[in-house]
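Alright, structures below, take your time with them.
In what follows, chain A forms one complex with chain B and a second complex with chain C.
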Partner chain A sequence: MGIDLIFRIAAIGILVSVLNAVLNKSGREEQAMMTTLAGLIVVLLMIVKEIAGLFDTVKTIFNF
Partner chain B sequence: MFLKLIGSALIIITSGFLGLFLSKECGRRPRELRELQNLLQMFENEISFLSNTIADAFNKLSDYSTSSTRNFFKQTSLNLIKGKCCSAAEAWEAAVKENFEKTSLNKEDKEVLISFGKILGASDIEGQIKNIRLTCTQLKMQEEKAEENKKKNEGMYRNLGLLGGLALVIIIV
Partner chain C sequence: MEIIQIVGLGIIATVFIVLLKSLRPEIAMLISIITGVVIFIVVAGKLSNIVEILNNIADKAGVDTAYLSTLLKIIGIAYIVEFGAEICKDAGESAIASKIELAGKVAIIFLALPIITALLDLIIKVMP
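This part shows the complex of A and B:
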């Protein structure tokens, strides 16, 4: 797990919001939407491994 | 650890420079359109006051200016002197097609230039002057559009370059 992952996700979040603001301001709203979605997908990809681990843990705790 | 730092700094610097380069490209087009208009005005003066031939006038013009648009004129006069093309229109069109890549002009600008070339050398002085004025007006419209475009995109590309590099570093490193 580690605090490393949390920092990374926070940094990506900040960056995506700044990119969103920059693109919105210069009028390119569709591209702003696209970068937001891309950031979301990247973060989800980073987290999916942890979620798999979470489900495994839940399974072993409840002896499924 | 140190290597990672150097690598990420390199990535950020490179993408920052890329953004700066793209934003400068954006700024070049209005300037080139303006220079093209200046050269066309000088050409009009040449043929209306001095009655030079097209090849001579273009040669003189290309010595005056320092931008990349002068290559059109230089190449046209070379084509006419070497006798490769029969008419001024063909010489101009060949010159435009050859040198177009080196400038940062648009497809629409290319159309304007080619339509200028069609009337070149095909009528008397009055007709030529009218043709030049028409082309100048069209170029001016393009220039205004390009200026607007530049204002929108210049800052954006710069910021985008830097932020994109940052994003890459954060995701990969």
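This part shows the complex of A and C:
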């Protein structure tokens, strides 16, 4: 089961938004932007592998 | 009881998506993608069994395997296209979603062409 993946991504999302709020409050807008971008890229890297797995399973099941 | 796990997974993912939608809409979208992938992978084992049984039945009935494999390919394309298009639509990009659907329709018609030509050949042969 991949429920841990969902938990991990949600945790990254919450962490990034907290960091974003803190950095924005302390007047570091550009670093807040960078954390947002880094979080997005990390999650995207996690997702891309899974999507490739999905496409592979669909290909094997429906024998493309 | 896999179905209870899937429903629970969906509800938990929905809670996270609703939580993150106002804060980080891009990560909420990625959670919805990963939920779709995970649910499909959970179901995939059963689905491959079903496809195998369908192949066996077609073999027994003497159906040309090319037709069944084309049909399965079309189902796979339809599923993938639906998956991508729904994600685009959820993210508010319905223009890209409709283009993906168009590409899927073209791919399906392209795959179905041999069947259509076989049918037309049969009709022409039957007609006096």
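The rule is simple: the second predicted complex is superposed on the first by the 63 of 64 C-alpha atoms of A that agree within 3 Å, B and C clash if a C-alpha of one lies under 4 Å from a C-alpha of the other, contacts with A are read in each partner's own complex, and residues count from 1 in each chain.
Quick note on the criterion: contacts are C-beta pairs under 8 Å (C-beta built on N, C-alpha and C of every residue); 3 or more make two chains touch, one makes a residue touch a chain.
As the structure is a computational prediction, the values presented were derived from the model and not from experiment.
Room for both chain B and chain C is found when the two structures are superposed via chain A, with no clash between them. In the superposition on chain A, contact is made by A:L40 with chain C only, not with chain B. Shared-chain residue A:V22: touches chain B; no touch with chain C.
When both complexes are overlaid on chain A, the residue A:I12 reaches chain B and chain C alike. Between the C-alpha centres of chain B and chain C, as viewed from that of chain A after superposition on chain A, lies an angle of 170 degrees, to the nearest 10.
Contacts of A:T57 after superposition: chain C is touched, whereas chain B is not reached. Looking at the superposed arrangement, the partner reaching more residues of chain A, out of chain B and chain C, is C. Shared-chain residue A:G2: touches chain C; no touch with chain B. Minimum Cα separation between chain B and chain C in the superposed model: 15 Å.
Residues 12 of chain A touch chain B in one complex and chain C in the other. Taken together, the chain C residues at the contact with chain A in this complex read 5, 9, 12-13, 16, 19-20, 23-24, 26-28, 30-31, 33-35, 37-38, 40-42, 44, 47-48, 51, 69, 72-73, 75-76, 79-80, 83.
The touching residues of chain B, when paired with chain A in their complex, are 152-153, 155-156, 159-160, 163, 166-167, 170-171. Chain A makes touch with chain C in their complex at residues 1-3, 5-6, 9-10, 12-14, 16-17, 36, 39-40, 43-44, 46-47, 50-51, 53-55, 57-64.
Note for the complex: chain A touches chain B at residues 8, 11-12, 15, 18-19, 22-23, 26-28, 42.
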